[in-house]
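After the structure tokens below, expect a handful of questions from me.
Chain naming follows the written order as A, B, C and D, and within any one chain the residues start at number 1.
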């Protein structure tokens, strides 16, 4: 295991300490492992929190700040945080107008957030929650854990955070978040596996001429293992199932998000973006906004994911709104 | 001979020690069909439990179980944290304030724990989860608790193992393993494996009691 | 070789096409492989250009835009661009007030920029140039190629670009760039090698328990190969030789830049940043500004580099000035 | 028998073909003490040269060499682009407008090319660069050009090889290899190796001329 770490058990704490050291103007750290916007809570405004296992940096802690998240809970690597964290985060950002929980659809995340919401509500804080489940690699079914929450989460946090910043109320913020969820679809792939620090060995093994299509963000194996292909073929394999969903049609404006999994350099992401742009152009779908970079990662995994979000005017306006966080910043 | 708080604490200690030993094996199972952290999660949680165990012994087995459950909820995370946490919490609630437990009371508490796990995780039989080891183990206890206690515990451990192995060929329908669809077949479920270790620990620690 | 690419020979062209597709609001592409700020040239303002081999993304193309570079020349992977590129870039950004060339100190870069400057001057454009040579891993000597230009380049491009944006003249811009160069020092290390696409095999081999200390940004071997160490030890190994230079003293304000080499995820960079912060704090050196992320990379190499820049008020002001490029953005 | 433009073009074509064959070997040498692109760079440049060669044949050997040099400068990049580019440019300038070259004129042009390389790259002997193969090759030609032309070319190629190998044990002091300090010893210099191929190609293509 080749990583820039000290003790495997200390990675999350030390990375959080580094984040607060670097971004003390934006963030503060609260026990247990919760990054809170420095000036939270804001009286009269909805608080927006999220959280999940660590190893996906900059998500979620890198999105705490003005116009995005008010707090983020960092679990152990690839392990949902515990309810104590979401409860602490909820209380820290509660300005009396309620708190939205943005939850990625994983069994653990759902259950831990649920427990926290029960506790917070018992203490008098109004909590609403939206579950992000945008990964088309997974069959959508009532009888399974359902689709995973992946790239759409980043977009939801930005758009919803902007609405909360502008003073939208809890119902409006929740409805907007649900609309982002309903209009976002993602698909990812991996060229290499990743190693959970405390495990010490790669989660799976891929030989030199193989890749995993339909991978999640926790090193969980994908939909299928196939022979290595070119960037253009891979872009096709990711975009095709997204378009098959029937959410995106000729004439639509979308936000296209080409994400790196952590070990893939930017030069390759732009090679992929070029092809995604070409595919969508040929379908008469306009990329009105885009995001290219490693924003929701899987430790040092090499690979990429594509997320498309069908934009409406309100979403576009909130996407463009000022944001100032460690990882996303514009307009300020 | 009824089961005392220290008896139960000893069983939990043994479970924690076994989890530490099996940490890497459990993690390897989770690498195959999950995200490679089940052993790490369980070990982290039970390290915390064992560290606090001496302070949990003042108020009877119900309070012990509740505190174990809360500690797990606060330290494990993931799917197994709320599930095992709820299991022990509900066991504790079922035990009430009794100072000691007859075997039949322990079995009733285990049943309550199981119901809590099912309520929280919504797993049905053959979803290939910890429930598929937990339910047969508790059912075995329920039918045999009237007889020899040692044999009852042995049959529970055996039923857990059988349940765990019975679902190995199945397609997982809950938790991360469900993302794999057909590819999950043939892999042993990590949570069912840790549950089996729980019932083996109960046997090894409590069989000599009465 | 596991990469998201099509033909190895097409990587640079396709990545540039992707960049322009994604950032057409900021950039345009000119032949041969030159990214130019969309609204260049600016009459009466100094143009600032840089360039170098590709494989270091986002440097340099990701730094073209308002308040940073006016143009960037993308060479083949790890190979300095050809003079035709620097000449085209110089002409494209020439607003009559002269053009600054920011050159990383590599034999090839120096010679190709020199040829281009001669040609541009022959065509009537005033050209000044500053050579960045901040890598303390290399002995500084008149009798060798001298120190490499690494992380300090990113900081110079930001600070100098802001000065040009504000209308500083060529002499002032050049003097400022030289001051950044003189006050910046860097040191890097690698956990893994990288593979030049056209070569197809890793530039060097490291076994599982080894790392290279004093690595450059082209996969060139480092100062020494040592046993793998912890993040804290590595931070020490990088910061110690920088501090030995005698540039940084108790009471100084610095910009600390913890950079990822391309294959290292952000979580690890924050673990390193935490220790760098601790080391400097113990020395009484204040980190007044910081930058944490993968900004000058070496393809998919895993590793990190640390750059320290001794700040003065002018540099700090220009660092804080608005910037809007694909990779760095604030204040706008 | 003097050397014509097509003769020289044939030599350059052979050099380009050899570079394509040796592309990976040159790159491997550069991986050891540089950045692993020398073969790729030279091959890219000479692919471009060979593609345009037919259009370079109209105006005598001087114009041919100049155009080869300009093409290399425009396509190679890195250290070797300006160096080889300058080499051919200066050769072309030295040849002037002559329609054909006596061997002694070619040797004088090669000397002018070498001076250009030294001026541009500032390498001194034993810096472990292409100059350490180029200089002895040209010196060998200068002493032997009055005699048998074939033997003169053979001695140049041999001197290039010797020069290349002589500096292998030395510490590099120019180019990227200099970053390695002591670690550069024992490695063969990529640029000296491509220069050796140049002189071998001149021998193989031009020895049969006169």
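Basically, a residue touches a chain if its C-beta (ideal position, glycine included) is under 8 Å from a C-beta of that chain, and two chains touch if they have at least 3 such contacts.
Quantities reported herein were computed from a predicted structural model and do not represent experimental measurements.
With steps allowed only between chains in touch, the distance from chain B over to chain D comes to 3.
Rounded to whole angstrom, the centroid-to-centroid distance between chain B and chain C, based on C-alpha atoms, equals 55 Å. Chain centres here are Cα averages; for chain A and chain B they lie 32 Å apart. Taken as a contact graph, the chains are arranged in an open line, each linked only to its neighbours along the path.
By the document's touch criterion, interfaces exist between A-B, A-C, C-D. Looking at the complex, you find that chain C touches chain D at residues 53, 75-84, 106-108, 111-112, 114-115, 137-139, 143-145, 148, 196, 198-199, 201, 203-204, 216, 218-221, 223.
Within the complex formed with chain C, the chain A residues making contact are 2-6, 11, 14-19, 21-22, 54-55, 57-58, 62, 191-192, 208, 211, 228, 230-232, 234, 262-274, 277, 287, 290, 292, 294, 297, 299-300, 302-304, 324, 326-327, 329-332.
Looking at the complex, you find that chain D touches chain C at residues 24, 27, 31-37, 40-41, 44, 73-83, 120-121, 173-176, 178-181, 183.
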